[in-house]
Amino acid sequence: MTEVRLEAVDFTYPDGTRALDGVDLVVPAGSALALVGANGSGKTTLARHLNGLLRPSSGRVAVDGIDAAERTVAQLARSVGLCFQRPDRQIFGRTVRDEIEFGPRHQGVSSEDAFGRVKALASRLGLGEDLGAHPDDLGDTRRKLLTIASVLAMETPVFVLDEPTTGLDARGVDRIEHIVRELVEAGRTVIGISHDMRFVAETFERVVVLDRGRIVLDGTTEEVFAEDRWPALRGAGLEPPEAAVIGTRLGLGSTPTEAAIVGALTSRAARR
Amino acid sequence: MSATWLRVGGGLAVFALIALAGLAALGGLEFDEALDTFTLVMVVAIPAGIATYALIEYAQTRRIDSITGQFDTRTLVLMPVAIALNIVLGTAVASALKIPIYFDSIGTILVAALAGPLAGAVTGFLANVIWTYLAPPPFGSPFAVPFAVVAVVVGLMAGTFARWGWLRPRPDSSGRRLLVGGAISIGAVVVMVVIALRAWLAAADGSSLAPKSDDTAFFILGWLVVLLVVGTAVGLVVLLVRRRDLAAAYILAAGVLTGIVAAFIAAPIAAGLFGGVTGSGADFVIAAFRRAGADLEQAVLGQSLISDPVDKVITYFVVYLILGAMATRTKARFPQGRYLLPLNESEDVRDRAAPER
Amino acid sequence: MLRLAGVSYRYPGAGHETLHAVDLELYPGTVTGLAGAEQAGKSTLCLVAGGLAPRVVGGTVNGEIDIDGQDTRDWPMHRLADLVVTGLQDPGGQLSLIAETVFGEVAFGPANLGLPYDEVVSSAEEALRLVGIEHLRAHDPTRLSGGQQQLVVIAGLLAMRPRYLVLDEPVAHLDAASAKLVLTAIRAAATAGTAVLMAEQRPEAWTACDAVAVLGHGNILATGAPDEILSNPRITTLGIEEPAEVRLRRRLSEAGLDPELMGSAS
Amino acid sequence: MSATAPLPSARAQGASPWHELDPLTRLVVALGTVAAALVLGGIVCLSLLAALTVLVPAAVARELREVLRLSLLLALPLGVSVVVVNVLFSPGTPAEGALLATGVVLRILTMAGAAVLFYRTTRPAELLASLQYHGVPSRATFVIHNGAAMIPRLAERAREVTEAQRARGLDTEGNLLRRGRGLVALAAPTVLGAMAEVETRTLALETRGFTRPGRPTLLWTPHDGPVQRLARWGVLLVLIVLVLEHLAGVLPC
């Protein structure tokens, strides 16, 4: 199983901005965590270290125990699948099928196996009937799902999804939540980067908060979104999810999700 | 259609008249004197031809819609992207790959195909001017501007070929038409090889064809060019055979024709102004010719007649791929987009309400 | 008032109509939200209301479109420019790129209208103030964040002093903080007398709206006050995300609890 | 409208008199220099041209060091090839080749110097405003300005696409055929992505009255004057004389 480890990672961009400042993070194999932070907090910079697109100025990144410095991006891409935020920076296939098959075919997967993966993934992501469609003719939601499908098709042990829910409608967000849960159940390691607090609270157990290149909070959603942590969150330019705010207003303790509120209210009603 | 032929015929006639008169008056057709004056004549003859075209259209319709129609907002927004493409790819190929192709007219041909001959010509012209004066380092190139004239001609030809439907995908063509298409393709390739051989033989006065193996730089270069040419040839054959797409034949024909015309215009400019040197891979070819005894003008023409057709075939092929990757809806919104759609699709897009001026 | 009556629209070469028999009215000083799932036709309705369809994207329109009582169907695009303007989703793609500073970008519209020099400068200054980005006036627009660029785009539209402002998902790609700034600017524009139509999918957008119209499969199914529309359970079937408060009340009643336990809405 | 607009965007930058000139004048000098360099042959004339229209203005603009450095940088690869092609491979005597080579190198240096001097002392936004002031239609100035502005944007987009495709296992190292296939995976999204932005920008310009007939309001006035107007026509006149005398072969150039 693949474990991701960062030890005292620093990174400064050529123009001098210091993006990561002594980051220590361990993502055990098969676990899922959400990486949150305001614009410029270093979320995307950290993600690019996981598959070798960026190399640390100092410190060490290890995937599956092997130092990432010893492997090329293409080699790392076999264990860490990184899905970028903007579909139009990636999509170039003439049809949905070509686009999803690009990753696996490049890894040497036979065309039948690749097509098998495409069909399975497409139906799971609601792209079942679009295999022959031109990517431009899909709406924003399905183009986003297409970029996610094209990374999932490589079946890497670790998945990093950069802002998977931006620009999606309600049904799209539900599909992403569903997929992440399925991946975790299948024993994959999932790192979701997002500023959509509701999605983070509903989908991930563990939340890591980045502020100006440093990890300021790391814990379960209950711990991180509890009222006493709000100053730290707001200091990092973030707002707690609405459910947490409503739960606190009703004096229910830390309720990061709506389900938590319903649960707390049910138990409170039962106690009376 | 007769009205259009009158305009085009008039324009070409005036162009030819001025070009021949200019060359005759300024030094005859032999290469030595005509060299310096060639650019000047072209700079006068081409605009005169276009102006005549416009005057005839104005006389016929009191408007010049066929020209202004090519410059709607969408084309004006596309042109900077095309200009940047010419410059970024042209700089990359010239500096990185050191192969005797230029790859600096993708944007020109793309705009010509989507918007029309004049839009393509203006794009090519501005690309070369901006490449010299406004391009930020490392993209600047001091000698791009004199070749603006070549880019204008490439744009005019590409736009006309596209208007004739030469860049239209023609999948699953019938057997008979594939045979004809195959013949055209082989004919185009033979023409290219014969020109290259003739220029080569004339320069190397009969010495062996293959580059001398001891000249390693030239040997590696040879292989690089072969790979690019083979890559395009394989791509075109795949189009012709596997997808039964007759477009391959049209791409080859368009590439060779544009390449030859471009070579004849570019060679005198390159020879006269810079001693035939462009800083790109083409210099190796010229060096080889010069060492084999050809004078400067012959060497440069020989090199151009090899490089330009190859460069243009590859460029047309890449533009064909780009157009293929674009959604039908996007293409249909451009002034000449409908001529790029397969025959069955282009009919029902006709009701695109022409945007108000 | 900008009025669409029985308007339908078909893209060129499309077999079916994207909009059919749409009725919509925009009143000065108000923000009308437009809710609907991905393929419901929100973007198309914005293009038609803003006059960009069919003038720039082609296709065929039927039905009546009039602005302040004038039938604008045959007007060229530039005659509409100081009446109705349209903002799109991607901020970076809407920059003209010919302006070296934010001030130049915001002044681009009024300059195109050929307004006298002093009027161009004053309307640009006013728009910067209304949207709250005077501090960015000398910055290079291409080097700003997505949220800041969207504010510049909206200022650039408001600088034309339009009576009607159409926005197609202005906050779709923005983080919560930037979205709040954009929604505040939109509210300020309405208060200053502009009628705004805002298509959106994010529930926090409805807090800035006076009314919400629900679009499903190309026609308007319902129009009304945000709370009334968004508490109707049927909207989830149309792929519209319920605001947190509404969804919670629904889940409480589904769990057999009294929704009033929620207390008053914040 | 004589006063320079209070616009921070297009104020004349840099204190040297050369910067204060109307950008059109600087452009005419640059174009004239390149045209003259194309027509003139001979080392004497080219050196005179370079001194007069590149080196002197560069000194005035306090950009001499930068202009020389960048021109050499631009002209060096070309210069080497010229020497290689003409001296080592020339059929004539090496001396003949050297003379021809020197002439060509000098011509390239002069052209590079003129281009670099213009680029270093004129911001694209200034040139755009000046061309509009002098009556060039806004549709043309839009394309000219954005043609330059799109270059870094396209290069940045290509870099982002490269990252996204490498994250999907695309190998940009490796043999030529894989690299060839990789080229398509990099070029296509770069081009198609830029094409998608074309549609958005088209709508954004149309809604902001870009197609209104007539000229947009000028927001900035260049420091033009009768002397500069005279100088510009003068450059044109000198150019015509040069062309005619070159054909007639009167002067040694």
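In this document, chain identifiers A, B, C and D correspond to the written order of the chains, with residue numbering beginning at 1 in each.
FYI, a contact is a pair of C-beta atoms (placed from the backbone, for glycine too) under 8 Å apart; a residue touches a chain by one contact, two chains touch by 3 or more.
Given the structure is predicted, the values throughout are model-derived calculations rather than measurements.
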Chain labels contacting chain B and also chain D: A, C
Which chain's C-alpha centroid is most distant from that of chain C? B
Pair of chains joined by the greatest number of C-beta pairs in contact: B-D
Distance in whole angstrom between the CA centres of chain A and chain C is 30
For chain A and chain D, what's the span in angstrom between their mean Cα positions? 45
Go ahead and note the Å separation of the Cα centroids belonging to chain A and chain B. 47
Can you tell me which residues of chain C touch two or more of the remaining chains? 55-57, 76-77, 97
Note the residues in chain D that touch 2 or more other chains, in rising order. 124, 142, 146, 149-150, 153, 184, 188, 192, 196-197, 201-202, 205-206, 210-211
In chain A, residues with contacts to at least two other chains: 92, 136
Indicate which of the five shapes (line, ring, star, complete, other) describes how the chains touch one another. complete
Where on chain B does chain C make contact in their complex? 73-74, 80, 328-329, 332-333, 345, 348-349, 351-353, 355-357
Listed in rising order, chain A residues that touch chain D in their complex are 48, 51, 53, 72-74, 77-78, 81-84, 86, 88-92, 102-103, 106-107, 136, 150-151, 154
Under the stated contact criterion, what part of chain C meets chain A in this complex? 37-39, 89, 145, 147, 169, 172-173, 175-178, 201, 236, 239-241, 244-245, 247-248, 251-252, 255, 257, 261-263, 266
Considering only the defined contacts, which chain C positions touch chain D in the complex? 47, 50-52, 55-57, 76-78, 81-82, 85-86, 88, 90, 92-101, 103-104, 107-117, 120-121, 137-138, 142, 153, 156-157, 160
Quick one: which bits of chain B touch chain D in the complex? Just the residue numbers, please. 26, 36-37, 39-40, 71, 73-74, 76-81, 83-85, 87-88, 95, 122, 126-127, 129-130, 132-137, 139-143, 145-146, 224, 227, 231, 273-279, 283, 286-287, 290-291, 293-295, 318, 321-322, 325-326, 330, 333, 356-357
